[in-house]
Amino acid sequence: MKRLTLGLIVLLLLAAALSVAAGKVWVPFDAWTADDPRSIIIVELRLPRTVLALLVGSALGLSGAVMQGYLRNPLADPGLFGVSSGAAFGAVIALYFGYAAQMWLLPGFALIGAGVTMTLLALIAGRSGSLILFTLGGMILTSITGSMTSLAISLAPTPFVSSQIVTWLLGALTDRSWDDVLVAAPLIVLGMGVLALTARSLDALTLGETAARSMGVDPARLQRLVIAGVALTVGASVASAGIIGFVGLIVPHLVRPLAGNRPSAILLPSALAGAVLLTFADSLVRLAPTVSELRLGIAMSMLGGPFFLYLLIAMRRRLA
Amino acid sequence: MIRPFALLLAAPLLASAAPRAPRIVSINPCVDAVLARVADPAQIVGISHYSQDVRATSVPLGWAKRFKATSGTAEEVVALRPDIVLAGPHVEPATIAALKRMKIALVQYPVAESVPESMDQVRAIAAATGHAARGEALAARIAAAATPARTRPVAALVWQGNGLVPGSGTLTDDLLKRAGFRNMSAAYGLKQWDVLPLEYLVADPPRVLLSTAPEGVQDDRMTGHPAVRRLAKHITVAPYPTRLMNCGGPTIIAAMARLRQVRAQVTS
Amino acid sequence: MTDLVADTIALTLGGKRVLDDVSFAFRRGRVTALLGPNGAGKSSLLACLAALRRPDTGAARLGGQDVQAIDRRMRARAIGLLPQAADVHWDIDVATLVGLGRFAHRGRWGETQADRDAVAAALAATDMTGLADRGVERLSGGERGRALLARVLAGEPDWLLADEPLASLDPAHQLDVLARLRGVAAGGRGVVLVLHDLHLAARVADDAVLLRGGRVVAAGEADAVLTAPAIAEAYGIDVEIGRTPQGHRYILPVAR
């Protein structure tokens, strides 16, 4: 297990290095010193973008692993809770009313959206801890916030505002700065800490909820930890980067063959692998030979779709 | 006697102290259209990538290809070391914040909603390039092209793909009025930008329908609709390229020419 | 101080009275069978004993204290539950599965020697030591049942509660599990089983609680409880009760 962690850390450093070097503008190494004006690109644009990619990637990877462990379902994705949709709706409101020009308002609204959605989920699912209620509640919230977002797009005062909203929703890390890192980092780190606390309870859940309860798992506390952790990590991720899907879904599957099937064993590797995957993808979208960058959310979907097809085929072979 | 002599001596100093023309990066194709007529080519260090795309450009491609194009991200802009960045109304919040952090001046021009407003923008852009006189000249040509017609206004509607209609308070509305049309969007009760369902159009058609199929496409789904085809037998349906609607500024000259052309076709 | 007692437990679920004034003092070192027809309340009683359900009145008491009031971890160390559902959601290996039974014991800093010893002992007690590295999905039905039993044993509980542990096992495995449960009781723990099959109960039970419609029909030593009249009252059937030459008790349903 330790070898896997080391290997992932090495990959992570490589991905980070690539991300700092990658971009539409080639900045030669001798320009990296403070005298050259192009060093601004490295210090103020590429470095914070890399850090943010690492943070968001690890947040999404970890919350995906926790979600799959909690719901005992390898198809679970952090978006199932409705938090990404709720956070996105918050941001869309900021864009709709034109508040986004102020620095802190867009992430602020997104976080409020995440918080409200998660509170509603906690109220809907209640203390029962029932997974069905939970999942259905998340789907309902996704559906409601999604339709309100579509409403905002259709009611947008000009076609330009609606296209701005749609573009933001597609997810990107373009031109992010240290201010964005300042907002996202504490929330993501805190959220990941909360999620890490669920590790052993997730293991116990392998045997089902009844057995887990008899072993001493507190289902209400576990649910609170999961909701709070996902709200913080995914909320902060959406606030920084828009909606980026598939990371939380794919990464645990990539990691399981190497780390084993135990839920607690895949948490750290999922965080690391998520960081590697997203940072690498973010470098690719800048290096692709298109005039403007491919939207990161789209790139992840294009990766995620075929991967899922492959998973299905492999599963079918196994069941046959 | 002393004063002109002193000025003569000081002339070389004054000349070298005269500010050079500012380096301009534009990330908006409509601003590019203005720059093409008011700025020195040497001072344009970056234009919008849209200006190099035949489907979206508002400048001649030959002119556009001479310059470096960016996709509008702060990273690309910073690398060009501009003195000022000119943009349209909609720039991604992250890019605005990044440029601010790096202390690069950014000026955004909102969508002009009338000819006078567009002329003011032209003057402002020209001033930013340090060539106010050229801006004045261009504004004068725009004013001349947009002189209100003295004919009886004819009911007209501009109808884009998906039924999008520019209404009162848009530049297109102002152009229609000046070319001798009456924008029927108000009669339908539409807002500044709104969608007119086909049914309403057919029930109460304007005398002239200006349909904006995209460049190089004969009919899109709406304009090729059988109901619209039948309408074409009773009213004038004239193509109005979207390219003429994308920008104000110099494009107004071409837009007005086309509108006057259509107006002249209407005899009854 | 770890006696398990049902104290006048009453429970209503979904408007229906599932348990009514049920009392019994379970004894350590013995196997107690909870018996009765469908809907008699056997599983509900077990759930109350395991603190999974809260009785409306009365209580399950461990060492005199209401089980609901005991700290979760302490309770989990004292009472081990083998639920009916044999879910194992992830394909982990047997050693990891059995190790899950140490949940209530594990401190902050990971596995201790005590944990490893308990797991090894549990594997040995269920003859699963050789299969410790095998993935759960590649176990046979019988092996899986034993692995799940080993998980409960690894927690070293004072009381082992099992809900229909023999369901879906073939006769050979049924006898095997019964023997192991007897062994657990012989080792000093208390074993409480919900059983469907009268004749299996007859083989293994030292004590029995016979329920019908949520009320106790008879409770006490198995010989005293498993009589034809009591069974007729609880199940509504006539039975033939006897002993084989080897001394095994048998109960055969004969007529309704």
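Letters are used for the chains, namely A, B and C, taken in the order the chains are written, and counting of residues starts over at 1 for each.
Keep this in mind: a residue touches a chain if its C-beta (ideal position, glycine included) is under 8 Å from a C-beta of that chain, and two chains touch if they have at least 3 such contacts.
Small disclaimer: the values here were computed from a predicted structure and weren't measured.
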| request: Between the chains shown, work out who touches whom and classify the graph as line, ring, star, complete or other. | output: line
| Chain nearest the overall C-alpha centroid of the shown protein atoms | A
| query | Looking at CA centres, what chain is most distant from chain B? | reply | C
| query | Distance from the CA centroid of chain A to that of chain B, rounded to the nearest Å? | reply | 40
| request: Between chain B and chain C, tell me the centre distance in angstrom, where each centre is the average of that chain's C-alpha atoms. | output: 81
| Centre-to-centre distance between chain C and chain A (centres being mean Cα positions), rounded to whole Å | 44
| field | Contacting residues of chain B [partner chain A, same complex] | value | 49, 69-76, 78-79, 81, 89-90, 92-98, 101-102, 111, 164, 192-193
| query | In the complex of these two chains, what residues of chain A are touching chain C? | reply | 72, 200, 203-208, 210-211, 213-218, 260-263
| For chain A, which residues are in contact with chain B within the complex? | 23-25, 27, 37-38, 40-41, 44-46, 95, 100-101, 103, 106, 157-161, 163-164, 167-168, 174-180, 291-293
| task | Quick one: which bits of chain C touch chain A in the complex? Just the residue numbers, please. | result | 50, 52, 72-73, 75-77, 79-83, 85, 87-92, 96-97, 100-101, 103-104, 106, 148, 151, 155
